[in-house]
Amino acid sequence: MVKTILDELIEANEFLLPGNTACPGCGSTLALRYVLKALGKNTVLVIPASCSSVYQAIYPKVSFKVITYNVAFASAAALASGVKQALVKKGYDNVNVAVWGGDGGLIDIGAATVSGAAERNEDIFVFVYDNEAYMNTGIQRSGSTPPGARTTTTPLGKIVGFKKPMSFLMLLHGVPYVATASIAYPTDLYEKVKRAKDVKGFKFIHIFSPCPPGWRFDDSKTIEVARLAVETGYWILWEGGYRDGKINLTLSPPSRPYKDPSKRKPLEEFLKYQGRFRGFDERSLKKLRDWIEYQWNFINSFT
Amino acid sequence: MVKTILDELIEANEFLLPGNTACPGCGSTLALRYVLKALGKNTVLVIPASCSSVYQAIYPKVSFKVITYNVAFASAAALASGVKQALVKKGYDNVNVAVWGGDGGLIDIGAATVSGAAERNEDIFVFVYDNEAYMNTGIQRSGSTPPGARTTTTPLGKIVGFKKPMSFLMLLHGVPYVATASIAYPTDLYEKVKRAKDVKGFKFIHIFSPCPPGWRFDDSKTIEVARLAVETGYWILWEGGYRDGKINLTLSPPSRPYKDPSKRKPLEEFLKYQGRFRGFDERSLKKLRDWIEYQWNFINSFT
Amino acid sequence: MSEIPDNHLILPISKPTKGAGGKTGSWRVFRPVILEDKCIKCMMCWMYCPEAAIEAHSRNEVPKINYDYCKGCLVCKEVCPVSAIKSEREGE
Amino acid sequence: MSEIPDNHLILPISKPTKGAGGKTGSWRVFRPVILEDKCIKCMMCWMYCPEAAIEAHSRNEVPKINYDYCKGCLVCKEVCPVSAIKSEREGE
Amino acid sequence: METYDVITGNDAVAWGARLSRVEVIAAYPITPQTTIVEKLAEWVDKGEIDARYIAVESEHSAMSAAMGASAAGARAFTATSSQGFLYMFEMISWAAGARTPVVMAVVNRALGPPWNIWSEHTDALMARDTGWIQFWASNNQEALDSIIQAYRVAEDKKVILPAMVMLGGFVLSHTAMPVRIHDQDKVDQYLPPYSPPHYVLNPKLSEPFAYGNILFPWDYAKVRLSIQRAMENSVDVIKKAAREFQEIFGIWHGDLIKEAYTDNAEMLIFALGAVAEQAEATAELLRKKGYKVGVVKVRVTRPFPKHEIAKLANKVSRIIVIDRDISFGWDGILAGEIKATLHEHNVDTPVTTKIMGIGGDDILPDHIEKAVKEVYNK
Amino acid sequence: METYDVITGNDAVAWGARLSRVEVIAAYPITPQTTIVEKLAEWVDKGEIDARYIAVESEHSAMSAAMGASAAGARAFTATSSQGFLYMFEMISWAAGARTPVVMAVVNRALGPPWNIWSEHTDALMARDTGWIQFWASNNQEALDSIIQAYRVAEDKKVILPAMVMLGGFVLSHTAMPVRIHDQDKVDQYLPPYSPPHYVLNPKLSEPFAYGNILFPWDYAKVRLSIQRAMENSVDVIKKAAREFQEIFGIWHGDLIKEAYTDNAEMLIFALGAVAEQAEATAELLRKKGYKVGVVKVRVTRPFPKHEIAKLANKVSRIIVIDRDISFGWDGILAGEIKATLHEHNVDTPVTTKIMGIGGDDILPDHIEKAVKEVYNK
Amino acid sequence: MYYEVIWVGRGGQGAVTASRILAKALNREKIWAQAIVFFGAERRGAPVYAYNRISDQPIKYHHFVTDADVIVIFEPSLIKLTNVLSRARDNATVIINSAGRSEDMDSELHKYRLAVVDATSIALQLNLLVAGIPVINTAMIGAFAKAMGFPLIDSVKEVIKEAWPGKMGELNAQASEKAYRETRILENIKSVS
Amino acid sequence: MYYEVIWVGRGGQGAVTASRILAKALNREKIWAQAIVFFGAERRGAPVYAYNRISDQPIKYHHFVTDADVIVIFEPSLIKLTNVLSRARDNATVIINSAGRSEDMDSELHKYRLAVVDATSIALQLNLLVAGIPVINTAMIGAFAKAMGFPLIDSVKEVIKEAWPGKMGELNAQASEKAYRETRILENIKSVS
C-alpha cells in the first residue's frame, strides 16, 4: 500500500496529550495537534496569555510534550525573537521557535510586536488560532471579531469594527511565508506547517478555530462550523509570501471552488449554528458580506 | 482673476509659527504647515514623542497655533480616540482630532494602537510624517527605514528589514480614507487633507518627509530629494479607502506618470544626494528596487 | 501562611503528563461509541478528535476511544461519514 | 533646590508665540535674498519655506523673507524656477 | 430609587461608575476585572447609561483613551488588574502628570510568571509613586461607594489627580454580598458634574495652547512638585468627602483610615482592603478571648496617612502589619511605610511584618489569630 | 590589554557589556540612553563583538527579547530610561519572575508629562518591588565596573535574578571622564561564561517541560517567595563580587554601600549614584570647615542594605537623605526606606529628607552644603 | 443564625449562579448572605465550587468556606471525584441531585441529614436544556429551600424571574418550585427507604 | 591645578566634541579632565554649551560648570546671544574665533586675557566643511592648547587622528596645529592692537 498523508499523520508523534483542560470540542487544541505533528519535537512553543495557557493544564503537569514557555500577553513575538537569536548564537540552528496564541494576543495587544518581528524578518513561526474573540477571559470582542457578532462587550452585537485581516497585513510585510488554515482541513494545515519549516525567516499561519462556548454552538459542531466558514467563502485558505519584489499567493485546494461566488453556500448556513449571530440584522449581514467580498477581491487581485 | 488653489493656500491661515526649533530645511514642519492650513483652527493635535514634540519649542512658548497635546510615545491614537469620543459625548461634533507623529511613534511602537483605532474606525486623523528613522533620538533605524540605509543602529547600512508599508496596511484595515503625500507636493497634500475632513471615520495620511541631518543631505535639497522619491517611483502618491466591500485606490496626479516604469528616473538620482546611502551595495540596491516593484504591483492590482 | 522558603530557586516547571487536567473523561455527558462493524477505518474520527483521545496505530485497525480522557464532545460522531459512531448518555 | 510649591496645580501650558524658539534667524550661515526684479511672483519660495518665514499676502506682491526667523536652509533658493533668489554668507 | 441587592464586588464597582454618571469608559479584559467592564458595556449597549464605551486593544490604550477623554472634559473610567496594570504603567504615571482625574478600579491579582489569577496587592502598590490617590475597598459596599468618593476627591479643585480604587480579586470581585445601590438623585447631589478647572482640549472652549512640551529643569520641578501639594491638599478633601458621604448616605467606611476595636487596645493590626475586614472579624473573636487588639484599616495609601497612623501607633505597645504583597529584597510594603512613618514621628512601637495571602493563598482567621498571638505574647 | 580613556558614562556602560561578552542585545532608543546601544550596534555591525543585536520596535519588546534570549541560555543585555522604562514595566517584573539574569542599564531621566530629558531617579526606583537587583553608579568607572559585577551577581547560582545598573542622565551618561577599560582576559577570569543552572529553552539540551503555566496559590507563593530568598542570598554574593573585583582590578566602589568620611562623623549624608559622589566632594569641603559629616553612598537599593545602614546610622546623631526622586503623597523614596530600616533596627537617629535635583535641576555643592548645615546646626 | 454552604457542580451546571440566586432570595427576607466562588481555570465539565455564608448579621469574613453546614451536590459522581463530604460538619445537611433510590447511594452519605431530589428529571420534563445539557441549578435551590426551611420558595421564584426575564425565568421558577415539592428529606438514611 | 572651561558654539559646530577631545588629550598627559555637556533640545544652529573640569586630581563633582576660568567662543555673535561672559571668573582666559581685528571686538572682551584665532579661515583653507559649514572645533582646541599651555599640541593631534581615522583626521589635526600656531594672545587687549 502506498503511504498516504493519512499514514504519515498517524505515524507522526502526538504532542498534545489527552486529559488537557480545554473545553469539549475546542477547535484550538485540534489545530495544535497538527501544528505540533508537523513541527516535531525540536520545538519551543512560546505562548502568550490565552486559552492555551490555561488548557495546557495546571502546574506541576502540562499537556504539551514540547518545550512550552508561557509568556506575558503582548510579548510573544519579541520574546520568541530573543529565544531564536540566542539559540542561533549558541550554535543551535534548527530549533523551531513558534509563537502559539489567540487573536487577542497576536492581532490586538501584540500587533505591534508581531509586526516588528515580521518587519525584521525574524526566523520564527507565529501561529494565531483565531476564535474571533478573547475567550479565556470570557468572550470579549477583539479586533478579529466579525462585525455584528455578540460578545460580552458587545452584548447586542452592535457593529464596532472590521475584522482585522491579519494574514493580509502580514503578507504585505514582505515576509517569506504566510498562510491561512482551518481546523476543518487538518491535512492542509499539516502540510502548510511542513512547508513553512523549509522557509528561513518569518512565517505566519492564521488558523480558523471555532470555539463552542464562545460562539455558542453545540460542542459536536466544531468541524462543521469551520467547514462552513470555508464553504460559504467567509474564511479563505491560501498561502503565499514575498520574494524579490513579488507577492505570491495561491488559493489552497479546499477554497478553490469558492473563488466562484455561485459555488459558495449561503452565508446563513455558517451563521445559523452560532448563538453569537442570533438577532443578526440586515445591516450586520451586509457588513459581513462586504467583508467577504473584500477578502476575495484582495485574493483575486493576486491570483 | 479666478481664485486658484495658490490663492486659497495663501489666504488660509498659517498655524505653524516661524521661530520654531526644527532643523533648517526640515521636511516635517513644511508638511505640518499644509496639514494645519487644511484642518483649520478647530483642531486638536495629539503629538507623541518625536521631533515635533521638540521643534514646537520649549515651555512656556510654542510654535503651533492650534491646541497641541503632547503625549507618551505609544499612546497617541488611543488617546486621540478618547479625546474625540469625549468631545462627541459633550456635543462638540466637528473638532478635528489629529495625531501628528513620526514613523517610529506610529509605525513601530504605536503600531498596535494605530491599528486598533483603525479597526474600530475611530473618527480621527492620523498623520505620519515619515522621515524613515527615529530622528529625535539621533537617527536610529525604524521599521520604516529602507533596507540598506545607514543609521546609528545600522552604521554600516546592513539590511535589517523591509520598509513596513504602513499605508497599505491601513488601507487593508478597511478604513474610509487613506492617502500618501509628499512635501514636494504641498497642494496635493492640502487637498487630500481637505477631502479627508469630509470623511467620517478613520483617516490615515502618510507623508514623505525628508530630514537633512538624518539622511545626510544639504538643507536646501529637502524638496528635491522628496520630488526625486516620487519621480523615481520610490514613493508613490495615491489615495483610497474602503467602502462596501471594496478597496478604492487612485493614483494621485504627481505619481501617475510613473506607473510606467520607463518614465521613472533612475533610482540612483534619489540616492545620490543622501549620505545615508553612501556605500550602498548591489544587494541593497536590489532590495530597494524590489521594494519599489512590490509597491507598484500592489497599487496596480487596485487600479 | 506565606513563609520564605529555604530554596531560592523554586521554579514553576511542569512535566508533560497524560491527564494533566485529570481524568477528563469524567466531564462527559454523552459517550461516543464506535460501532466496529460499521467502521470503515477512514480514521476521520481520529483525525478530528480535538482531544487526541482516539487511539490509532495503523489504518488497519478500528480506532479506539480512550474513555479516560474523551470529553464527549461528539465531534467524532459528527464527522464519521458512515454514522459508525453512536452516542449514549453517560450514567444511563 | 526643589521646594514643594504652594500652588497645587502648576500646569505646563505654553502659549503660541512667534519666535518661540528664539530669533532663529541667528542660526543662519547663508542668507537668501530675493531679487525683486527677477521675481515672477510664482510664490514657490513661499510655498516651500519649511519655516513659514516668507510672508506673502497676495500673488501680486513679491514675497518677503522674515530674517528674524529665516534659518537659511536655502530651500527657497533651490525651488525658485527663475533663480530669483541668491544666497550670501552671513556676516560677510 | 435606592435598592438593596446581593451583588459581586465587580458589579458594585460598575454601579459606582454608573451612579457617578461616567461619560467615557475605555477598558480591556483581564481576569478578575473583566466583569466590571462587561457590565458597563452591557449598560452602554442597551442604552441604560449615556456613555461611550471604547473597546481598546490594550491596557496602555485603555488608560490613554481614558485620560484623553478626561483631558477633553469628560468623566472617564477604566479598570484593570495585575499584568494589565503593569502593561499600562507608563500611562498610569502619565495620567497623574497630566492631571487628568480619571478613576480606575484595580482588582488586585498576583503577578506572573507563573500565571496566577488570585488576589495579591503588589500590583497596585507598585504604582504608589505615580501621583494617584489610592483607595482600598474592604467590602462590596465600600467598593461602590469608594468609586463615587474617588471622583469627588479626584475632581476637587484643590486636587485634580486621578484616583484608583482597589478591591481584592475574587475575594471581593466575584463574591456577592448585600449592597445598597444608592438613589441617583442623592449621588448627583453628592457628586456634581465634572467641570475641569484647568485646561480642556476643545478649541471651542479654549484658546490655542500646548500642553506638556519640554520644560527646563527649574520649570519642570515646579510643575511636578505641585502634584505633591495637591496630594497634601487631598487629605482634607478625602476627609470631607467621607464625612459628607456619611451625612447623605449614612454610611461610614472611614476616611484615610478606619479604626475598629482600637479603644484601649494594646496591639494594633494594620491591613488593606478585605484583609483588613477579615482582621476586624478576627479581632472581634480575639477581643472575646481577652486580647486587647484593634484593627486599623488603611483605606488610603496615597496620600499616606502618616499623622493618623502615628497617633494611633503611639497609644499601643505592639503593631502587626499584614502585607498581602512583597517588595523583593525589602519586605512587606505597607509595613515598610508604617515603620518609616513611626520613625518620622518618633514613635518607637515595634512593628512586626507578616506576609500573607501571596497569590491568593487564603488568609484564614486562624492565620491572623496565630500571628497576632505570637506578637501579643512576645 | 588595559587602556585608559576619557569616555562618557554611556560608553563606559557599552564597554562594560562588551567586556562581559554579552551575546544578545535588544534595545530601543531613548534619550539619554541611546548612545549606549548605538555604540553596541556599531560594534556588532563592524564585527568587533560577537553578539546579535535585535533592533526591536519598543521597550516592552526589548525586555521581552532580552529575557527570551536569557531563558534560552544567552547572556543578554538591554538599556533604557524614563518612559521607556515604564513602557517595559510589565516585562521588567516578568523578567525577575522568570529568573532570567538579564542585565539592564538604566540611564535615569525624569518622567513626563511634561517632557523633560534630564536626570531624576524616580524611574528606576519605581521598580524596586519587582525582584531586580539594583546597582547605582556614581561615576563612569563604576558604571563600567558595575555592569560586569552585575552579571557576576545576577548569574550566581545562589541568585539568578536580573540586575539593573543606574547612571544619572547627562550627569554621567553624557559626561566624559577618565575610565580604565580593563583587560579582556582579566574580565574573563572574573566573569565566567553564563551557564544557567536552571531551565534552558532548547530541546537539544532539555527534556520537554512547560514553564509558568497556572499555579495554585500554595504553589505560587513558594515560587514567588523564593525570589526573596535569592535576594537575601545576593547580599553575600554582592559583597564577594565587590571584594574579588578589588583583588583582580584594584578598584573598590563599595559593595552594597560605600562610606566616605564616616570615621567619627556626627552626621551622615545618604544618597544614590552621582549625587552621592557629589555629596562626597562636598563633605570633603565641609570637613575642612570643621563639620563632622560623612557620606554613605547607597550603591545597592535591592537588596536593601538594612544592616549596613542601621549600623552606620547608630553611630551618628543626625542623618540627611538626598532624594533625587519623589513618591507623590509620600516623600523621598530612599529616605522612606532608611527611616523604615532605622525603626526596624531600633535606631532613633533623626532623618531629614531633602528632595533635590528634580527633573535635572542641578545639584550644586552649595545646595548640599546649605541643607547639611541646616540639619547639622539644628 | 450562621450557616456555611458548599455547592459542588461541574463547569456549565451553574453552581455559582445557584449560590448567588440563593443569596439574593435570602436578601429579600433580610437575611444576610455572601456567595463566594473559587475560580480555578475550569472549562466546561470540570468540578466547580461555590459557597455561601448565611447569617442574621453582616459577615466580615472573606476567606473561602472550608467546612460546611450544608453541602449541595449536583450529581452523585462528584462525591468521589471531589471528596467534598470530608468538608461536612457534624449534623450537616447534604442535598443531592439523584434519580437513584436512597439505599443505592454512597454509604458515606448515610452519616448526614440528607435531601434528595431528581433535578435532572425535573429539568428534562420542563425541557430546560442548554447545549443539550439539563439545567438543574434552579431546581437545586428549590431543594435547598425545602431542606433548610429558608428562604421562602416564593422569594426564590421571584429572584429567578428577575434574573431571567420571560420564558426562561418562568421555567426555571417552575423547576425550583417542583424541586421544592419533590425533595425528600431523610433524617437518617438507614431508617428510611 | 584646577580649571573650569566653558565652550559655546552652535548646534552642528562640534563644541561638545571639542571638549571631549580636549579631555582625551589631557588624559594622555595624566591630567584628569571631565567633559560635560548641557543638552537642551537643540537642532542645528542653536547655541550649545559644553564644559570641562581639569585637575591633577580625580574630580568628584557632577554639576554643570557655572563660572569658568576659560571660555571658548566659536563665533563673536554668541557673546551677545548667550551672555556667556557673565560667567567668566576674574583672570579668565577667553578664546575666540574671529577674523576681525582685536580692537573691533566687543568691548566686554577687553576685561579678559584674550586669545584670538581665525578658525573659520583655517577650516576654509583646509576645505574642512560639513554640509557647507566650516568645521572649526579642532582648530579651537589648538587655540586652547596655545592659550593655556596645555595639553601639548601633539597630544591633541594624536587624539584627533584616533577619533577620525584617515583623511579627515589628518586635516583636522592640521587645523588644530595651524590654529595653535596662529592664535594671538592678548594679555591686555587695550595695550595691544
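Labels for the chains are A, B, C, D, E, F, G and H, by order of writing; each one numbers its residues from 1.
Here, a contact is a pair of C-beta atoms (placed from the backbone, for glycine too) under 8 Å apart; a residue touches a chain by one contact, two chains touch by 3 or more.
On a predicted model such as this, the values are computed, not experimentally measured, just so you know.
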Third chains touching both chain B and chain A: E, F
Smallest count of steps, each to a touching chain, taking chain C to chain F: 1
Chain whose average C-alpha position is farthest from chain C's own: H
Longest centre-to-centre distance from chain E, chain (CA-based): H
Pair exhibiting more inter-chain C-beta contacts, A-C or F-H: A-C
CA centroid of chain A to CA centroid of chain H, Å: 63
Between chain F and chain A, distance of the C-alpha-averaged centres to the nearest whole Å: 42
Averaged-CA centre spacing for the pair chain E and chain A, given as whole angstrom: 40
Sites on chain C at which at least two other chains make contact: 2, 4, 12-16, 21-22, 24, 27, 71
Multi-chain contact sites of chain E, meaning residues that touch two or more partners: 31, 55, 57-58, 60, 83, 87, 90, 94, 112-115, 117-118, 208-216, 219-221, 223, 225, 227-228, 355, 358, 361-362
Multi-partner residues of chain B (each touching 2 or more other chains): 21-24, 26, 53-60, 62, 64-65, 70-72, 74, 108-109, 111-113, 115-116, 119-120, 143, 160, 212, 219
Contact set on chain H toward chain B in their complex: 40-46, 131-132
Residues of chain D defined as touching chain E within the complex: 2-16
Complex interface listing, chain B residues touching chain A: 74, 108-113, 115-116, 119-121, 143, 160-162, 164-165, 168-169, 172-175, 242, 244-247, 286, 289-294, 297-298, 301-302
Sites on chain F touched by chain D in the complex: 113-114, 354-358, 361, 367, 370-371
List of chain B residues in touch with chain H within their complex: 21-24, 26, 54-55, 58, 212-213, 216, 218-219
